[in-house]
Structure formats: C-alpha cells, structure tokens
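Below, subunit A partners subunit B and then partners subunit C, in two separate complexes.
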Partner chain A sequence: MGVEALALQGLSIRLGGANILEDLSLDVQAGSFTCLLGPSGCGKTTLLRAIAGFAPPSSGDIRIGARSIAALPPEKRETAMVFQSYALWPHMTVAGNLTYPLKLRGIARAEREARAERILELLDLPGFGPRRVTSLSGGQRQRVALGRALIVDPPILLLDEPLSNLDAAIRRNLRGELRRLQQKLGITTIMVTHDQEEALSMADTIVLMRAGRIVQVAPPEELYSRPADLEAGRFLGVDNLLAGRPEDPVAAATIGFRSGDARLAGAPGTGALNRRGRVLDCAYAGGGYHLQIAAGDEVIAAVSGLPVALQTEVCVTVPAAALMGFGTDHRLLPRETRPDSGATARPSPELLSH
Partner chain B sequence: MTLSRTAAPKAPGPFRALLPGLMLVAPALLAIGFLYVLPLVRSVVFAFVDAEGGFTTAHLRVAAELYGRDVLFTIFVALSSLALIAVLSIAIAGYLTLGATPWAVAALRWLYRWPLFIPFIVAGQTARSFLARNGLFNSLLIDSGLMDPAMAQSLLDWRGLVLTFAWKQVPFVTLLLAGAMASVDRSTIEAARNMGAGRLRCLIQILLPQVRGTLLVGLILSLVTIMSVLSVPMMLIAGNPTMMTAMMAHRVTYYGDYPVANALGLFSYILTALAAFAYLRMTMAQRRESER
Partner chain C sequence: MTTPAAFTGALRRLPGHLLPALMIGLCAFAVFGPLGNLLLWAFAEKWFFPARYPTEYGFDFWHRVFRPRAGAWDSLFASVWIALSTVLLSMVLAVPAGYALARLALPLRSVIMLLFLLPQAFPSLPIFVNIARMFYGMGLNGTYFGVVLVHSLPGLVYAVWIATAAFAAVDRSMEEAARNLGAGPLWTFRDITLPQAFPGLVAASIFVFLDSIDEFTGTFFVGTPDISTLPILMFNASMGGNYQIAAITALILLIPSVGFMLVIERFLKADVLSRIGR
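Let's look at the complex of A and B:
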C-alpha cells in the first residue's frame, strides 16, 4: 500500500452531551510524522481513536487519500494503531501476534512466516518468534506491537503514547529508533503524546491541542519559539510571564521567556529585557543553579552557573531574541523590536529561523 | 540468678509449635471430614461390601447390567447439554461484551439472569408444559402456521432434558463468562479490529482464548449440577432410559437397595472426577505458563 495523506474536515465528537472534539480540520501530508500534543483531557487520544474508528464522529469527515473512511467500521479502515498498553494478544506467541493480521488478509503461511521474520530483523528482535509475549520486557513488547502494525504495510500508522510506559533510557532509545524507522519506511505517522520533549524531537509537524480544539499547527522549532498564546507558551515551558514595561525591547502586555534564557549580569544589557531583584531561592539542579528572584511583585525564574547568596541584589537580563510578546487577549504578537527604549513599536520582517 | 533469667526459653516441641495452627483450622477440617469426606468414603465402601461384610463386585455388576444404558444416556445428555450451554453462553456473553447496540445489550443484560433464580423443580414443571405434545411450544408453531398439527411431537425425552438443563445453566455460565470477558484488556480487542478482524472473529480468536479457563470452570460446575439433579429427569422422562439420579432414587425408594444405588453413585463420582482432573490439569498448566 502506498503512502497516503490524511485529512480531517470539520470533525466533531460528542460523548454523553459533552463536546470532546469541536470542528477540527487538519491536513496531514503523506509520509510526514505528526505529533498530537496537549495536556491530558485535551482530546488528542480521542482524535486518534476517531481516525482508527473507535470514536464515532457526530459530524465531519475523515479522508485517507481520496477515500472517506468516517463511516467505515474499524476493521475496514486499514489504519494500523499501536496502543499505549501494547495490546498484544497474550494467548499467542510473538510470531502469532505478528502473523495474525496477515492471516486475516488471507496470506499463505510460508509468506506470513517470512514476513514475520523480516519484521523481527527490522526491529532488532531476531529469533523472538516462538517466545510468549508475556515473557518479554516492556521495550520488547512495544517493538512487537509496532511490528504488528507495520507488517500489513498500512497507509497510516497511529501511535497512542507508545513510549509512555517505558523507562526514561529505553524511551530515549526507542524515540530515535522509531523516528529512523518512520523515515526509512516513509509511512504517514500520527503520534499522540503529552511529552513536549518527545514531540519536539520526533515530529515534522506538531498539532497543539487544548480542550477539544487545535491551538496551533507548526514545525517543532516554530512551536517552541513562537507558541500561539500564553497558555500554549506555559505548556511549552515558558515559565516566566512578566508584565511589559515601556523600556522593554518588545512592546506587549505580557512578555514571556524561559528561565534558561534568563542570565544574571553586572549591568543591564542593551536591547534586552532587564529586571532588578533580590534572590529568594537558589537550588542546585545539576550543571547549574535555579534561582527565584523577586522583582517588584513578580517572581522571575533564572539559571546561574554559580551559586548566589540569598537576598543578593541582582540584575536579570534576557536577550530580545528569546522574548515572546503576548497581547491583552493572550495571543502571541507578531515579532517586533524597539531599537531604543521608549520609542513606539515598529514592525519588522519576521525572522523565524533563529 | 541473672543468668537463668536472661537465658533463652526452651524451644517448644514440634507438636506444641503446630498446636495453635491446628486449633485454628480444626473446625473447618472437622466439618469437611464429617460432613463431606466420611459420607463419600462410606458410600464408596458400601458399593463393595456384601451382606456378610465381605468384599464383592456384585453390586457394581448389577448396576452395570441393569443401568448401563442409563449411564450411557446420562453421559450423552450431559455432554449434549454442555455443548448447548457453551454455545449459547459464548454467544450471549460475547454480545454483552462486543455488542454495538446499547439498548439491546442493556435489555439482554437484564433478561438473561432470570432463570438463575428459578429452582430446578419449577424449571422442570415449566419445561413439561412448554415442551409436551400439546404444550406451548408446539401450539406457538402451529398457530403461527410454521408446523402442521399432525407433525406435532412431544419433546419430553433427551431433547427436553438437554433444553431444560441448558435453559437453567446458561445464565450461570454466561454470568461467569461475561465477567471474565469484561475484565479482558479491551485494547486487545480493539487491536484485533484495527488489524481487520470483524466482531465474530474477535469473539472466537481473541476474546474466547483469553477466557477459556473460566468457560471450563462454568462447564464443569454445570456438569456436576446436571449429574446431581433429580427433579428434572423425574418430571420430564417417564420411561427408560433415564438419568442416573432417577435410577438411584428408584433403587433406594422401591427396593431399599443402598449397595446398588451406591454402585451407581460410584459411576457418577468417576465421571465428575474425570472432569475435575481435566480442570486441575489445565489450571496447573496455566499456572506453570504464567510463572515462566
């Protein structure tokens, strides 16, 4: 089966009177890796289940290539899904799990076994065929689940938090492995995750969701540096949100930046955001110190290479490039700079590349 | 003085150490011994003891000679009932688990348990009036024009027994099976559907293998029940052959012949023991597998 694009058009899902998904439209390019990212309860898993056919839409359409699949039962959709709990069939061996989808498609035994062996090679599990799935480790189970989905050569691969039940080290390994495999096979992939690091490191495109709606669709770099609104920024680790001042290099009601971009300096930097304050807290966080600094009635989080004594007067400075300006409606403002403090804002060509 | 006080107390003997434990299990052990094991052993022993107190196999021979056909009939009826029970309860429990029409599932869930609360003797009576030649079943078929009145026949033979046993035991096995199916990881079913399996395939190839232990338990408990019910064969079947329970009752009631009744009882012990052995073997195999 060839690589195909997926399109959602005005998709809504209602469950027990509540709107789980509201009027979603999304185009997923053929062969791309798309992450559905959002806090728990935002509807990202429901969206994935709707594509697989387990959550009937109340309105809207789902298309794979040119075909509409919204009215088909799950078994007719040919979307291959990998479940969070692996969902391997415990009464079958590894080979049994891998070949069952082929058996359903009426493929001859010899061919089934050959394909199972090939997929075990691909997943770095050679010789695992006769083992019982209950004897495998979490990472091995996840790979078998992935193999079971890939063995039918599906047009769309759906991954429901596939790495969330694994240890951190195995997770990092599998992350890279999964990404390489996806690029090698060129299969259109949609992955649900609540882990922004996972989404940023794996996806071509991230779909940020909140309360049943799509907030932003963007490549990882853009999503990270230009979150669509305050809440999206907070979810993506923008932990400092300060009220804008006239002398700041960005004219905005609220200015956001990450603590990693905030440095202590001897004197205020030019063309940067500067705040004076008193150190409230200094905690070691491996490789550096996390500071809490009281500046007026705001508290700023910053990092420092060296420990700082409590109650020290410091100057925090953040380069203009790391700042995000949000308007009174909490939406991100187009990037604009003020070359000298006090001057009126003047829009400048937007640069997303840095 | 101080030495003797700090010295460790003498270790109690092995029996003294066991005593508190024995005291705790004694009531349960005695109840099982007197109320269960003793009568069982007595009835087995009496099947082999003649009037003078010596060993004999005469009772067994009489039982086999007079009632051999009944033993075979009992096995046949029990196995047919179990097959029907298995098919129906898998179908009902499967629909309860995989059904896509919420109101139909709710209605079925509410309805299927009713026979659980009806005693066997009432079930026998109901079956009698339902399955007789001019009973409700035939009347319905004739009134709806599906059957010619001349074709009407009584179902009060082995078919009546099988239908009644199934009617009474299907809810029980379904209850066990539906519970087990509900606790199966749902994503294993969704994974199968996602991979292209329809509902029926999911039931037979994914769901059922995961609950086959529970099905077996339900069927073995049903077998024991079927082997021990007296009222249903007494009410449904007039002539020969009939179930072993009816023949044991006959032997005791009309002849006061306990030894032959005990010999017949021995046959039913053996039959149920075989089922129990199969069950134990399977649970042991499952345990070994999960420990691996």
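Let's look at the complex of A and C:
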C-alpha cells in the first residue's frame, strides 16, 4: 500500500448537542509516529475512531494521501486499528485471526499462511499459529492484535492505548519494540495515550488535546520544555507555578518549572529564579528527597540530595533555562531572558500586550 | 458408651441434620413421586381399587399404543415436526430482533423486552380462544401452520430474550475490528457475531423446542381434531380413563425432552444466561 500522509481538515463531531471534537485540523507526515496525548475525556479516542470510521464527523474532511475517506464505511478505509482490548476473535486460532483480513481480500490459502508465518516471525511469536487466542498472555495478545492490523499492509496504523492493559515491565519493553517495528516498516502511525512518558519516548510528533481541541502540536522535546499554556504545562509535569516577580530572569505573570530543576543554594544564583522560604516537608523519594518549601504564600516543590530539617530557612534557585513564562492569558510567552536580571528591567511592551 | 451429656448434645444437634434431610426428601418425593406413579401406570396391566399397587404387570398397553391405528407414532411425528418448525420460525425472527435489541440503548431495550413478556403475563386461555376465532376466519384452524404460529407465541419470548442476551455478550470491539480490517456488515455478522452468539442461540432453540413439544392449550384450540400431538393424545387418553395409555404417551414425551436437556448441558453457559435483559 505504501506510506501515506493523513490530514484532518476542520473536523468536528457533535453528539447530542455536545461538541466532542471541535474544528480540528492536523497534518500527519507520511511514515511518522504521532501520539494523541491528553487527559481522559479530551476526545483523543474519538478522534482515532473518527479516522477509522466509527465516529461519523458532523463536518470536516479526513484525507489519506490525496483521497478523502470521511464518507467511506470503516471497511473501505484501509486504516488498520489495534484496539485497547485487542478485540481478538476468541472463536479463531492465532493464525485464524491473522489470516481473516487476507481471506476477505480473496488471497489464496497458501499465500495467507505464508504471510501469517512471516508476521509471527516479525512479532517474535514463531509457531503460535495453531494456538487458541484465549491461551495467550496479555503481551502476546497485544502482539497478535498488532500483527492482525499489519498483515494487510495498511497505509495508516491506528493504536488505541495499546499498552495500557499490560504490566509496567512488559509495557516498557513493548514501547521500544513497537517503536522499532514502526521505524522498520515506516508505517504512518497514530497512537492514542494518556501516558505522557509513553508519548514522549515513542512519538515523532505529539498532539496535545484538551476538551475536544488540539492545544499543541510539537516534537516531544519541544512539548516538554515549551508547553503551550499553563494547563498543558501542569499536564506535562510542571509542578511549580509561581507568580512572577520583577527581579526574576523571565518577565511573566506566572513562571513555571519542574521540581527536578529547583535546587537549594547557599546564596541566590545570578541570572536565575530565586526564592527564600522555610522547609515545610521533606520526604524520601528514592535517590533523593522531595521538599515542600513555603515561600511567602506560595509553596514550592523542590528536590534535594540530602535530607533537610523542617523549618530550615533555605534559598531555592532555578536556572533560567528551566523556566517557562506564562502570560496573564495563561499562554506560554516567547522565550526571552532579560539582558540584565536586575530589578530595574521591565517587561518589553510586546510581552505585555499578550 | 455415651455419657448423658453427649447424648443430649447429639439430641440438640439432631434438628440441624434432620431438617435438611427432610426437605431434600420432600423435594425428591415431589419430583419423583408423580414420575414413579407414571412408571407404575405405564407397566400396569391390571390396577383396580382398592389395590395399593398394580395386580398385574406387562407390556400389553405398549403394544396397543404402538399399533398403527392408535396414532401414537403419528402424534409423535406431528409433535416433533411442529416443534422443529416452531424453532425455525422463532429463530428466524429472534436472530435479527435479538441482534437489534442487543445493540439498542438500554432504556428503550428494557421497554421492548418487557413488551415481549406481555403475552406471558395474560392468562393463556382467553388469548388462545381468541386466536382460534381469528384463525378460524383465516382458515388456519386445523393446519400445521396455524399450530406452529400458536406455538411460536410463547416460543418467541424465550427466543428473543435469550438471543438478545447472547448477542449482547459479543464484545462490540470485536465487530469493529472485523469492519476495520475490511469485512462488510453482513460478513462481520456471519463470521464474528454469529459464531460467538451460537451457544446462546442453541440454548434459545432448545427452550423453544421443549416449550412447543409440551404445549397443550394452543394446540387444543387451534389444531384439534385435525392435528393431534402427543399432549393431545395424552389428554384424550386420560379423559377416557385410560391411564396406561396416558402414562406411556407421557414417557414417550420424555424422550425428546431428556435428549435436549443433555444438549443444553453442553451448550448452555451460565455467563450467557446471566446477561439476559442486561
């Protein structure tokens, strides 16, 4: 079938007066691995089902390559989906599951069996063909479901939280395996997940969604270091959101950073965000200590290699590179550090206009 | 030697053992008593008041029942033939209806399922009398088709309820997976949905079959005198005071029932039944 791009143009889905998806536009590059990331209920699974043809759009278009598939029934779309529950057919064997899509396409039995053998080799399940689906472990079922989707050589592979039903250790293994397989086959892949770690480690591009809208489309590194707004930041683990002060290196209404970037220092660092406070809590968290520090009426989360006694006066310092400035409208401000981080510097007019 | 204390202790525990035993005994008597009586009558050659048990046993009445002229064979075939036709008609209607109901939103489904129970809620006699009147006008009285229609009335209730449960038990994502991989709706139904609902559908067929083979009232009003099933034959024999013939007919009636009960055991999964009405 070859590698093809996917495009959404102004896609909306309304259900009973509620907007499930609102005016989504997205270009997915051919051969890329894209993750739809967001909290539950954000519409990411609905978007995937809309691409597969199980959720009819109320307006907008879906294109694979040059052809529109928005009006086609699911069976004509050639989008192979791996379901969260795997949806293997329990009344068929592993080989039966794998070859059914080929049977539908009128491929001869010998060819069907050869291709099932090949895909089982590819998935590291040789000789599993005659087994019953119900006798497989979760990870094996997941791989058979993936194989069943891949056997038809589809232009687009859709994965609906494929790893969420597995143990943590198997999940980490399969993450790498899935990513390597995708790169080997070069198939355009869209995966739904609510696990940011999974998205960050697997995707070429992450589509961050919230309440039926796309918030941000960015490569993992950029999404992690430059989340589009406060809420996106919070979702991506920015656990400190402080009111900006004039002496801070970043001029913003709210300044965000991760606790891992906050250090205790003897003296305020230059060109960094500094706050003085009193240690409220110190808890061991494996490899380090999590601190809660009261600074004025704000509480800062920070990490420390050594335990700190409660009520100790400390200085928290965060390097400017780890800071994210958010405007009064909660949106991320363009990165710009003040030339001199002195108290006299003012926010530029351009930043204030946000 | 038992001490007095141990003796009174055992006495106090006695009701705890006695009561369940008594209950089981009563249940067994309620079930097997009539059946035992039936067996006695089937092989009784002579049994007159005031004798407590038959005075003479033999197979004489069995010969009489299976004489070509007696009509037992004809009634047996008519019964089985009507039951099979009823199963066919009920399932042809229940499979699409059950599938549609299983995929329906819940409140609406419950209402329709309850509607299906309504014919069972009314006393069957007035219903059958009126059906007989209507069928008379349509020329369906005394025809196999008419009897099959009447048997399908209660048959459909079982069939639709159990078929709905069977289809509801099929995970929807399995159907979606088939659609997604290139199967049209009909292929999906044939290759994915139907095979998985099959045990439940077999169970439904068995219930319809057993209900039909046992059915008396409807057959009596719509079928007689042209069509005689085993229950009708039994009724006539008992009314004529011919208990031996009635007993033997009843035993014959047990054959298909017991046979299908054995099939039930194989096909009926508890998890299918538990989904009824869900």
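Just so we're on the same page, the second predicted complex is superposed on the first by the 340 of 354 C-alpha atoms of A that agree within 3 Å, B and C clash if a C-alpha of one lies under 4 Å from a C-alpha of the other, contacts with A are read in each partner's own complex, and residues count from 1 in each chain.
Just so we're on the same page, contacts are C-beta pairs under 8 Å (C-beta built on N, C-alpha and C of every residue); 3 or more make two chains touch, one makes a residue touch a chain.
Bear in mind that the values here come from a model prediction, so they are computed numbers and not experimental data.
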item: Superposed partners subunit B and subunit C on subunit A - clash or fit; value: clash
item: Partner chain(s) touched by A:A52 [first = subunit B, second = subunit C, both, neither]; value: both
item: First (subunit B), second (subunit C), both or neither touched by A:L123; value: neither
item: Touching partner for A:A218 - first (subunit B), second (subunit C), both, neither; value: neither
item: Partner chain in contact with A:W89 - subunit B first, subunit C second, else both or neither; value: both
item: Subunit B versus subunit C as contact partner of A:V152, first or second or both or neither; value: both
item: Footprint overlap on subunit A, where subunit B in one structure and subunit C in the other make contact; value: 52-54, 73-75, 77-81, 83-85, 87-91, 100-101, 104-105, 148, 152
item: Interfacial residue positions of subunit A with respect to subunit C in the complex; value: 52-54, 73-75, 77-81, 83-85, 87-91, 100-101, 104-105, 148-149, 152
item: Residue ranges of subunit B touching subunit A (in the complex, touch as defined); value: 185, 187-188, 190-198, 201, 205-206, 209-210, 289-290, 292
item: Subunit A residues touching subunit B - in the complex, by the definition given at the top; value: 52-54, 73-81, 83-85, 87-91, 100-101, 104-105, 132, 134-135, 145, 148, 152
item: Interfacial residue positions of subunit C with respect to subunit A in the complex; value: 171, 173-174, 176-184, 187, 191-192, 195-196
